[in-house]
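Below: a set of structures, written as structure tokens.
Look for chain A in each of the two complexes below; its partner is chain B in the first and chain C in the second.
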Partner chain A sequence: MTVGQIPEIPQVTGQPRKVARTGAVRSGDLPRTSMTARRHRAFYMFTSPWIIGFLLLTIGPMAYALWLSFTTFDGISPNWKYVGFGNYQELLSDSVTWDSLGRAGLFAITSVPLSIIAGMGLAVLVNRPLKARGLWRTLLYLPAVVPPVGAGLIFKQLFNRDSGATNGVLNIFGIDAIAWLDDPYARYVILMAVLWAAGNIMIISLAGLQDVPRELHEAARIDGASAWRTFRSITVPLLSPVLLFQAVTGMIASVQTIMPMLLAADASPKGVTSIPQSNYMYMMHVFAEYFALGRYGYGSALLWVLFVLILIATGLIFKFTSGVVFYNVDPEAKK
Partner chain B sequence: MHAHPGAPPSRRRFLALAAGGAAAGAAALSGCALSTAGAAPGGSESVTMMVNLDDVSPELVKQAQKEIGVKITIVAYDITRLIAMLTNGNPPDLVRGLGALDAPYFAARDVAENLDPYFAKSTVLKVDDLDPANDLWRFDGTTQGKGPRYGMAKDFSQDAMFWYNTAHFDKAGVDYPSDTDPITYEEWLDNAKRLVQRKNGQTTVYGGSYNGLGLGILFTNLTAAAGGSLFSDDFSRVDFTSPEARRALTWYVDYAKTRVGPSLIQPNPDAWDGPTYVASRMAMSGSGYWLGGMINAEAKVAEVSRLAPAPVFEGGPRISACQGGTGMWMPKKARNKDAAWRVFEWFFGEAPAKARAEGGWGIPTLKSLQSLMPDKEDYQKRVLEVQRAELKHFSVTPFTPYIKTEAIDAIINQIIPAAMNGQLSVDTLAGRLNSSVNEQMKRGKEQVG
Partner chain C sequence: MTATTVTSQAAQTPEPLNTPDSGGRVRVRASRLVLYTVLVVITGLMLGPFGWLVITGLKTTPELAASPVHWLPETFQWHNFADAFTKIEYLGYTRNSLIISLIYAILVTLSSAWVGFGFARLNAPGKKILFGVLLGSMMLPQMITLFPTYLIFAKIGMVDTYWPWVLWGMASAPYLVFLFRQFFAGMPRELEEAAIVDGVGYAGIFWRIFLPQSWPVLTASFVIAFTWSWGDFIAPMLLLSSDKTTLSVALMTSYVTEAGMPVNNLLAAGSVMYVVPILLIFLVAQRGFVAGMSTTGLK
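The block that comes next holds the complex of A and B.
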């Protein structure tokens, strides 16, 4: 019997079901349809809070944003109007939009692989037998539980040109202070902030590593495979579903990153526009259009375009990795 | 086809039920949304104020309940939340705002209540007792400073004035600015260059800070100080290419380029001047009298701190405008206007207003309270004397109703760094600012109608 299959109710041949005078079926002697119905009801009861929440908090706002994207609504002025696809047409010729999207894309294709490599590297290290392994795992994971706002504040202070510890250390070696939070260095500070929190990826990769059968490694060792070969030919393929998951979720999160805003001197609607150009990514542009310029319609169009682009990018990732991701079970097998 | 009793709901039916549940949930959430006004438990009136949390402390809320019998609910000021509340017709009863910038914007969109009838019958806030600074909250449909009153300032400053630390001036051998005659902006910048202290590429003491309450309002005032106007007569366009606006832009870009003080390309780690100045890491701060509230709390800094008149441009008029006029306004759809007005009167004219006046956090906006400004210490007397002399030059620099201050700042923030880094000439900068700001103002004008 496979998981999720409904157990059959045994029936005694030739013995009629006992029915009370009222005609009700006695408990413990339920007909199969009734049991199935109960299971279905239970399923729907348990999933309905999520479904209702999804409709209320995801589909509803998305539909509202879609409607807004066809208007010039600014949240307050009386004379807003319906402009059809006007906002989408404007978006196509808005260089700030494409530049910010390009920066977000560049950030995704650099930060995602780097953080996966860092997280997996850390996972490999703390998966080995070493002293105080639990302590190491905890220490390496800790930055990941620091709230992003806290992380932003830490990095803002660390890299401030005039009062930051980073320049203090550089000064010891006779190096003049660097304006880390300005162009062109600001992008590296964001990357460092992302890598600093690679503990999340480490934990997931660690769980994946511990699921790799030990006998495969032993067999490879007996066959004379080197550690690198074992890692490349056994560990990585078996971790590939985990890596795919991290790549997809990492890509989605990184194109929507708000870390530049947390590093801004003034994290307010107008302050977001003072972010150095190299960190002025797509979500900064969206935030500025919504809350600094009050262009709810145009901002909504930007969000819808991003949503569609993320869907396409996710689909492409799945398509191009379908042949290289190794599943223990066939994901296409009929249930 | 109907399902027979006991059969599981179909997927379609389940989704329909879920949608129904979501709709019911939405209604429930809407019902649970913050109730902005009405009767409080115990029979007293309830008023919701959207303010910064340090504007109205929990102690002040208790005091209001005790003194005027109104229960105040505080909602932290957040422009996005305010717009959401205005949109769903459930706004707070009183909202924080900057008279210089917010008054024309909200009044033009017909969301602010005309308070003239309330002032007319008030025995606490008498019109002839109102300082002219409150005119920032007036708007006649086109021009700020005229027409009905839509709010009131809690206190004000002439924000182009500047504080300076005599210890840094002594150390650098720079003459103190006069208490009565303004220095020029060029002299201010020269002083800042001599006062700045650097070590290993790090700025240890800023020579001076001059950023106003935002770059939009700063350029409005600098252009006026150069003898021009940033806005067209009907406030529907800006012109950064006029000689006066270019002069203002050139001066500010030079200020940023020399890196004598905080700017977009050299952000202040403290985020604003107050803590930096009080820590003696800033020789001059372009802040008005209100910063005295913070300075007076640090006796050592207060003793070496002086206030100087607003600088002028060579050949330009002497003006000293208020760039803020922080106060409150009442949304037109406020639910409990009479109780809100009672709180308004109490906050602006009774115990809280007196406490603010005595603290030195700005000039009281009621003339009758101005005698309470702190003058016990010699340095306070000196500051007060300079401030009183400066009041003769007070003026209202009107702002446009067609663009939010955040929007004009946002546009400037995006374009000006290139000029500060020497990658853009002031002429090109002016042209780009005109193009982007005017495009946004055109949209604003269409929406106001």
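The block that comes next holds the complex of A and C.
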């Protein structure tokens, strides 16, 4: 919805704005130019906290990291030096980098579609006429409110080898206890922790579902379309901007997830190196290089590579969905 | 996936209703039964982990080691909750978490409302570009900027202080700016026209006219920012020493025996006390929260 709505807003608010501006000038004594200048100054006065903050806390650190990525800076050694693209060359031949990048990619392409499907499924489910519908929605959304640390703590108990409920259930079926938080199972625990918070996507899809005009569903029913066909041909296209937004933000969130660390036995900078291999994703590699090994130069190069990869991935998602995503631009159709 | 197929079957029910045979009614009842069964099972799976956390927190250490798993504790060890409080400086860490979360949530809500007002109600050359940058920066992974930010904060001596959260709060958050921008853009023009005629400045219009009318968004923004900061792990872990750090970090690292083995029952009890306040805040603020989210169109 966000992506779809942004272009619409200026049309709605822009129209009365022009009328109002001339109206204000007529009734006030100030000449038009000073009113405009005042408005311009006010705009920058209001947006300056964000502009300054963005420059100092986002652009600044990013630029600093870019500079560091060309050096061997480690924070301790005084004779660090400029090495040009040395770190980037090392990165290309570092198998840990490639393996961890592959794991992060695999996690993104499994967790993002799965959580979107789960979230939409839940949304369709609680969009039906139900008794105490609000209560069901709240209960299903509740896990999404829990912060990552809480989810990590909860899943550590749930999947504990000795005392976890999961192994308890498996034991009923005669299956031996599984060390869920170790290789190779740890990756599934992470996936389940992501799916547990699917309520986020449920709420967002639900809002989208309620925007779907009723007449469309009624018309489809009169035409004899099956429920699945209606869902596929009406609901999904109308939800597609929401889904696109979820795909992009979900991908970015999955790449920077710290869940592997929160599920690890030792959640500290030193403990990062002992994270199970199957959960040792790119961000954990960066974290280890930065804070366990203090290789700020090399770590910064890793960060910049990730940043560029995310830009490319976002661009590709938008490019490949541009023909598929349906933006509801007709304001009449919304009512 | 099961959810979709089940509900699509249920969606067909209105048609058989029109035919006055009893078979239709039976089918409606059967499909409703399936619908509610699916709902109960899924809700059970979603809430089960909370229940298990509480149960784990009520067991003894030998019970946790027993095999097969004990589903319920022999006697409920309520004292675990008290022990969890004393095993680590629970109150001290809670206070740190509260200070950081309140500083951040209050500042970032006010600054984001301020910036959002600028983007919603004012105009200047360069506004379109700035708004594009704002939206783009929402997509920027925060972890990427956090690591070099840590190095800079370390250099200027802000490590082990709460200043980073003050700065992050004052800088406003793009997501919340957008939230406020959407809300303010939808308010009627007449509100500020009258004030302008009366000679009230834009700051006055913001404080006296717009802000008092935006409680739903203010609540939503505060809850989002507070829970985000309360649950943040990486920033306090990197920036704060072990006695100034937050409850999140302490829970993750401090419930261990002298040999370094985790004390799971106390950890679980401590985790319950960490998670429950957030759930309560959400449940209390839910009405305003949902209203804020839906009026702003941020869905």
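In the analysis below, the second predicted complex is superposed on the first by the 302 of 335 C-alpha atoms of A that agree within 3 Å, B and C clash if a C-alpha of one lies under 4 Å from a C-alpha of the other, contacts with A are read in each partner's own complex, and residues count from 1 in each chain.
The rule is simple: a contact is a pair of C-beta atoms (placed from the backbone, for glycine too) under 8 Å apart; a residue touches a chain by one contact, two chains touch by 3 or more.
All of these numbers come straight from a predicted model, not from anything done at the bench.
On the superposed chain A, the positions of chain B and chain C overlap enough to count as a clash. In the superposition on chain A, contact is made by A:34 with chain B only, not with chain C. By the touch criterion defined above, A:163 reaches both chain B and chain C. Of the two partner chains placed by superposition, chain B and chain C are both touched by A:56. Within the superposed three-chain model, A:208 lies in touch with chain C and out of touch with chain B [touch as defined at top].
When the shared chain is aligned, chain C comes close enough to touch A:154, but chain B does not.
Using the contact criterion defined above for the overlaid structures, shared-chain residue A:322 touches neither chain B nor chain C, since it reaches no partner. Of the two partner chains, chain B is the only one that A:274 touches; chain C does not reach it. Taking chain A as the reference chain, the count of touched residues is higher for C when chain B and chain C are set side by side. By the touch criterion stated above, A:77 is placed in contact with chain B alone, chain C being left untouched.
In the superposition on chain A, contact of A:303 is made with chain C only, not with chain B. Overlap of the chain B and chain C interfaces on chain A comprises residues 39-41, 44, 51-52, 56, 60, 75, 157, 160, 162-164, 167, 171, 177, 265-266, 268-269, 290-291. Interface residues of chain A, counted against chain B in their complex, comprise 33-34, 36-37, 39-41, 44, 48, 51-52, 55-56, 60, 72, 74-80, 96, 156-157, 160-164, 167, 171, 176-179, 181-183, 265-266, 268-274, 276-277, 280, 288, 290-295. Interface residues of chain C, counted against chain A in their complex, comprise 1-12, 14-15, 35-36, 38-39, 42-43, 46-50, 52-53, 56, 59, 63-69, 71, 111, 114-115, 117-120, 122-125, 127, 130, 133-135, 137, 139-149, 151-152, 154, 167-168, 170-172, 174, 177-178, 182, 185-186, 189, 193, 196-197, 201-203, 206, 227-228, 230-234, 237-238, 248, 251-253, 262, 264, 267-268, 271, 274-275, 278-279, 282-283, 286, 293-294, 297-299.
Interface residues of chain B facing chain A in the complex, by the touch rule stated above, are 6-9, 14-15, 17-19, 21-22, 25-26, 29, 79-80, 83-84, 86-87, 106, 109-111, 200-204, 214, 264-269, 271, 404-407, 409-411, 413-414, 417, 421, 440, 443-444, 446-449. Chain A meets chain C in the complex at residues 1-2, 5-6, 9, 12-13, 16-17, 20, 23-24, 27-28, 39-47, 49-54, 56-58, 60-62, 64-65, 68, 75, 117, 120-122, 124-126, 128, 130, 136, 138-140, 142-143, 145-150, 152-155, 157-158, 160, 162-165, 167-168, 171, 177, 196, 199, 203-204, 207-208, 221, 226-228, 230-231, 242, 248-249, 252, 255-256, 258, 261-262, 265-269, 283, 286-287, 290-291, 296, 299-300, 303, 306-307, 310, 314.
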